[in-house]
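So the structure is just underneath, and the comments pick up after that.
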């Protein structure tokens, strides 16, 4: 299953809920304000860094660039995709679950 | 100053930010989904219970009743007001700050 | 895919609706419930999940007269008439809010986080809100 | 009340705009900025505060071409032309996000939570979003 | 006392407009003046007269219009926010008018209290 | 592959409609089919042809209309959500149609993937 998260982990509990309820082996794609969760060196970086063995993490590049984070270090192992890569991820997984 | 909080403390960081940035002696009124913060016996009850000496806490009764919490125990010291009481609180404080 | 044929020969899929938001503060709970009813009317295999603040949607004793909004919680009791019988509530979400299953407007199956993960993994379509 | 007379004999109030939301995910940051500019045009005593995810509004290097939205961060640099010079960023919010003042598009005053409480307590009108 | 009210969200989607309406009603009942209600962000959608909620639900557009008529309220819809969202004069319910953001600043200046309802 | 897309928020207020649009565009560019785009909740506001954003901003209503025309997309606005919010036939931009929630369920059944964008 592919899970998308579009909320900042600083503002809402969405990322936490996704990571609690997603099965190991799932893919998690961070989009919109969710991309802040992919940054290393923040107070919430551990939420993803600690689960690197359980999930494949992706982040939407255009949303990273829009927010001025193009040069900011991401958590090691998070893969950057564009909208085409987003489409591929949806196609590769039988179900997509958007955590709103 | 009167502060209003309309978000659930389970979902967002709004109540925490309000309590961090409000001056001691301020009044805090919980409305809409913010009323969940006034319940005792929840995982977030401590956020308000621990600050009872610093702030005067109020909760909007109609929002409590709407959510089926009319019989639920509130944190000790939280005062229930109706919309008229909300108006009085605004009138009594020179400034109202809505934490959205 | 787990598609199977319904009694009219139509495709039946497993639809899961995940409710994570409290009622009344926003309209999502109400409008999501409308979607659940329609999916059931289309004879799909519908599950409804309540996690996080979504469990508050089911709290007994809602009285919305004071806020002028419509109390839609009785509609949850109509789900049974639509053969929507798979209602799951996450134990952890319930406990964090100091609630018990007895305080909810309809009978639900209280499941662990691990059980819910399993159920969610078996769906064809998941709609969270 | 702290009303005083402006240069045209009008009432001047202390308006504080508190930005707590990240840019682009929602429109609040952009539309709030429009309000700040208008308040300044009315010769009010305007302060702008950035806390929580609001500090992200000021991050340098925003490039919105890929999402098709307008990059409004340059407008923060125009605040100076409107004599909006009181820009406060909470130190705690900045540090939690691993950011420094050098990474922001405009010079700001980085203040402690305690200092911000004091500044907020002196306002006549506070608009948070 | 003179109150200014700011409504930042559309009807139905968030409770903000409901809360603002109940607050305005209660303030008027206590003899206060509601000096202006300003609709910003999605709040501009509160003025759309085509809104037709289910018959057993409240109609916030009508409620605001009627409260405005009874108490001669100044219901101002922000022009910039409205244009963006397709709220034009031809959609305005009775009692609403479209004007600039300056009207919000003016409410902040002239009213004794400004109370904000939003998301 | 056949994609269904659900848009839950209005234009401008949340990025949801932008993200959905970019996703649809990318899916079409890769040769996938966008079987239906369903607009629910505040998403119905994406169909309001009166929307007039600033000239240097994107116009999401037009973008959806144009994408719909180029690729013969089925852009469906939920009638219940639309009525409540005052979106009627006379406001519909080219290419949108109003229909029932069953069209969303049908998208879930018929499409290989349903992707949701919202708040």
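The first chain written gets the first letter, and so on, giving A, B, C, D, E and F; residue counts start at 1 in each chain.
What we mean here is this: a residue touches a chain if its C-beta (ideal position, glycine included) is under 8 Å from a C-beta of that chain, and two chains touch if they have at least 3 such contacts.
Remember, it's a predicted structure, so these values are computed and weren't measured experimentally.
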Chains touching both chain C and chain D, listed by label: A, B, E, F
Type of chain E:chain F copy interface by residue overlap (half), same or different: same
Between the pairs C-F and D-F, the one where more C-beta pairs touch: C-F
Gap in Å, rounded to a whole number, between the CA centres of chain E and chain C: 34
Whole-Å gap separating chain B and chain E, where each centre is the average of the chain's CA atoms: 24
Whole-Å separation of chain centres (CA-atom averages), chain E against chain F: 28
Centre-of-Cα separation between chain E and chain A, whole angstrom: 38
Contacts with 2+ other chains: residues of chain E: 8, 12-13, 15, 19, 22, 41, 54, 57, 80, 114, 116, 118-119
Multi-chain contact sites of chain A, meaning residues that touch two or more partners: 6, 10-11, 13, 32-33, 62, 82, 94-96, 98, 100
Sequence positions of chain C contacting 2 or more other chains: 24-27, 52, 67, 69, 124-125, 128-129
Set of all touching chain pairs, with the criterion as stated earlier: A-B, A-C, A-D, A-F, B-C, B-D, B-E, C-E, C-F, D-E, D-F, E-F
Of chain E, residues touching chain F in the complex: 10-13, 41-42, 45, 48-54, 57, 61, 80, 83-88, 91
Interface residues, chain F side, partner chain A - complex: 1, 3, 8, 15-16, 19, 22-23, 25-27, 29-30, 32, 113-119
For the chain A and chain C complex, residues of the former touching the latter: 1, 13-14, 17, 20-23, 94-100
Interface residues, chain D side, partner chain B - complex: 1, 18, 20, 28, 51-52, 90, 92, 113, 116-118, 120-121, 123-126, 128-129
Chain B to chain C touching residues, read off their complex: 6-8, 10-11, 32-33, 36, 39-43, 45, 61-63, 65-71, 82
